[in-house]
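For clarity, chains are labelled A, B, C and D in written order, and residue numbers in each chain start from 1.
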């Protein structure tokens, strides 16, 4: 296969620059279009000096004709953008990977409720594929439109999936509690008092305790993974903000059934992910740290049973990599028949 | 009453210097002895320049005769020190406030299991009082020996106490999950690779998931508050380390009974703490931040019901103040009949 | 003297809330008016929960008649506000303390050049007093309008002043290089991409190397302190941004004359500040840390001679306290004949 | 050329793990030996989970016979180790790259003064090459022993070198002032109170103002670059500690001669580094940030003339990469005739 030409819509945010960090070093890819509503004509390495010496790319206004020439277009935009351009791109055989929420939820009512707008292309949504690479690999290979998962939902799905791949019910689905913690970069690159240094450094808090957009995504995804409808509606999901730039850890509490209590869950997880390059089941008694995946397309898991019939799953990733741009590249690799790990072999930055 | 003379054993750690920060400005107190095993003869403000201009105190070796002249001695030491000196001090009518664990657990077997040594003075322990000021005030006023509570247990007890002060059972005790997060200063002031800057900055992790010393303290304390034995043995407690200096937030998940679900819990909490200067029940939909209590002897609480019959309690404090030195001073005020808030009126440092 | 009634204009920024932290605990003061352009009617402790339990104050729109009832009004606003209200307040015998730049520069051309507007009340400016408390105490006591110094200029003036109080010339004024470093709170509380957490954490940079507003203030102040005109025009001042909330350190490099090289500068500094509560000349070989003054109205100085005839002055303060709100309160104390340290005795928060 | 076999002595420190991060992904290299005094038999990815999935290497005791089989051995140890093993390795045609100070200073008296021990192999030192890759490339290609430069000296040399490559004297050498700032990882990975999180977070200070080991290295290196002896003895070098993990910025102040003032220094620098992959002269008015080189083998420079005849050079790098492990790999590439950028093309992690 020749070089894959890539367009990125929305190249001034953190997922945009992270896509560039990965794609500019990807052996099979040429980034040919990079758009911005505000920076037309500016060199991207003027805005992000970390890219100096690696690219001459300039931002351009979103020009659909230019994007149509690409093999694939990544939308690193807020929700509501990709769904307005997907049809035209598909008509030109350009694939679409949306890093926002336009193609994550099949439930249109939930989409409208949480994102405050009707969906612009329900038919395309129906054919789109949810891009949790490890759990949906075969569909992704055939997909033309990918809804790249939310960061929190990625930690939860990969953290719980093995529990549902058993003939017996191992857990009580209604007991799931997700206490999630994220670095500040998850909120994006924007002028915001709430995200300012002096408001977040040396501080810790919960947020969106009353309801977070990733809740319905987690519910729908767990229904699909488990094949059980309705039983996840009452999971509890409480996100917190950590004074760090990158990194996400979800501490997931689950009540085990008798079968789950009796099962060798460590072995179950290790087998389930044995062939996965980007999911690491750590040894018993490990404590996964966010810095162990800083900058890497990697999710690490550890299991604990602190009490009888109580399972604690610790699931960490870099929210900008496996939780966003890295997984998007992983999906691109799958869609174009490339080696799945291509461009994603970098080792995390520790310390 | 005249000036209260104070001794501090172990004045080189973070709780020691925090005691000094509070006591050197306390209107009714004179710190007359400050001991250190390693810094005998050194001025304390040479080690802690923040104290320059506020004191001429020098460290001395631990001399029990000097300590006996004090009205009260604070032990800001590791566990295992206070219990070896309590008897002699009590014999001289010197009161004892231990900031470590020697007088927190009445259960001797638990003490020995978690702290790795037999208790040196079980009889004194029996007469000692657990110093959770708000929940144990009358006993504290009469006490000669105080076991100052652990930092995590303080957030849990004040976060849950109102739920037990009702004729009906409001919660299912066995359902309690405590997902706790602490700043790094909780680990103390010491040479330690694990606590080094480069190992903790821009990083997040759980620790001691398999078991933490504060677990048995939480269990025993909840038994005393609720009057129910045995039902808290299976609570889950998972602490995490936040890249910040001070601050602690416990996110506590509880299953409500029908009665609990029907109750006005916000009102219950507000009434329960209506007269408390140092416990703040925040309005509905608040998100308590650790920085809102930075340096202050204050604990703030918010309540959420994200799902039917599920209660989430958010409980924040400064681990070095309400979680340690501040509560110790509060207990001293109670023991000596001073105004409870004396020396503790400082406003938190925000930002 | 009775209680002093205080108004604060601009109570939603960091210097505003810091004024409240200090003034709400000040024994001689009653804050009676607190204004905000955007938060009229909102309780201040709703915006800053650290104040919960300490005040019932609400924000109001700026109402000059209400402010006129105050004994003193602090302007914790951007530049350009105080100068438009000073005349009316003075006419009602209300004193004015401006924490912005309206009354810092006597040179009108410099003011207009650096702040982009003509001065609104040059006659009042002429009678106003520059509020560097230690160096201008007697004038401050008589003043009706105070220009509270900028944060960087405070570290420089107190760091260099003793060198000019000698019959011989000790330094070469044209050699002064100020390499200054500030925490992020110095940029204020505002929605700003540049000040966001993810742009500043784990990062360090210089800024405004081509020119900073505090440069002309430093020049004018040094001229006044030394009585020498024109010789400071070519000092070099390079500020840097440190990933911390509060704190400022200026490293000042000066070439010594032969007389300066021969002098006992440590003794000179110690004598010069011997009676000052808020300036601390540390012992030889000290390394002043910003955390040693965190939250305290204190500036600490250390001196080094790393090479013959080269002096290095290290000067640290909390930019929000001695560099802003604390010095403003110190000036208020002087203006109203109160004990200079009143309300400012708090010990810094370490760690 | 076949695969180059590499040994790393001292694989538990930050430069050791950074070498692994780079070398495990290097296309021409096989790491075959990794030693540790304390971790013999332990898997390296057990200590550094960021390496999980990338290597099966285990630590071994230092066995000189195993190291002799390597083509090159990196010493990521404290000073005093490499010089005791260099002779034996050289005898087996194994090249040596020391990341510590054993082969940085040709002046034996200076070495002994600053490092507290006599040099163990002065003859080998004489033939060793100082590994500032860009300034010493031809010698490095022929070298068998490399003294990899200190982190601070790298920023200074690359920051000043173009100024000496002119027929006219552009600067006054005795005027040089280096105000340097480093992240905490520069102090290494060790149990140390001084380097603990709670002592460094939200804090800033100068250190070693009275004298730092990198001072003589800077002096000797500038003498070599400029060909001028004696004129750099009186430069001033003041390092500071920034609360960040990685990153180093030196702000260098220089007095210009008339010729220097007249020269186009921006053009001079751009030409000097035009062909260098790892030195980036930024455009006029740039502000190099440490995060722009986080994890990258890159040094960025900006120039300012804030006053007539005063030059300010800003020079940033990642202290663990271009300041240590990255430059060591760059030197290895040169020594073995590999593409100089091989294994070093990674883009910095921003944010």
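Some points to look at:
The rule we apply is simple: contacts are C-beta pairs under 8 Å (C-beta built on N, C-alpha and C of every residue); 3 or more make two chains touch, one makes a residue touch a chain.
Computed from a predicted structure; not experimentally measured.
Minimum number of contact steps separating subunit A from subunit D: 1.
Farthest chain from subunit D, judged by C-alpha centroids: B. By number of C-beta pairs in contact, B-C leads over the other of B-C and A-C. Here the CA centre of subunit C is 40 Å from the CA centre of subunit D. Centroid to centroid, with C-alpha atoms defining each point, subunit A and subunit C lie 46 Å apart.
Centre-to-centre separation between subunit B and subunit C, using Cα means, comes to 37 Å.
Among the residues of subunit A, those touching two or more other chains are numbered 14, 183, 185, 189, 198-199, 201-202, 243-246, 288-289, 291, 294, 351.
By the touch criterion stated above, subunit D contacts subunit C in their complex at residues 177, 179, 181, 183, 198-199, 201-207, 209-211, 234-238, 240, 242-247, 249, 251, 253, 285, 287-291, 294, 304, 306-308, 310, 312, 314, 316, 351. Here subunit A touches subunit C in the complex through residues 14, 183-185, 187, 189-193, 195-202, 243-245, going by the rule given at the top. Residue ranges of subunit C in contact with subunit B, taken from their complex: 14, 17, 21, 24-25, 48-54, 185, 189, 201-202, 245-246, 277, 280, 282, 286, 288-289, 291-296, 298, 300, 345-351.
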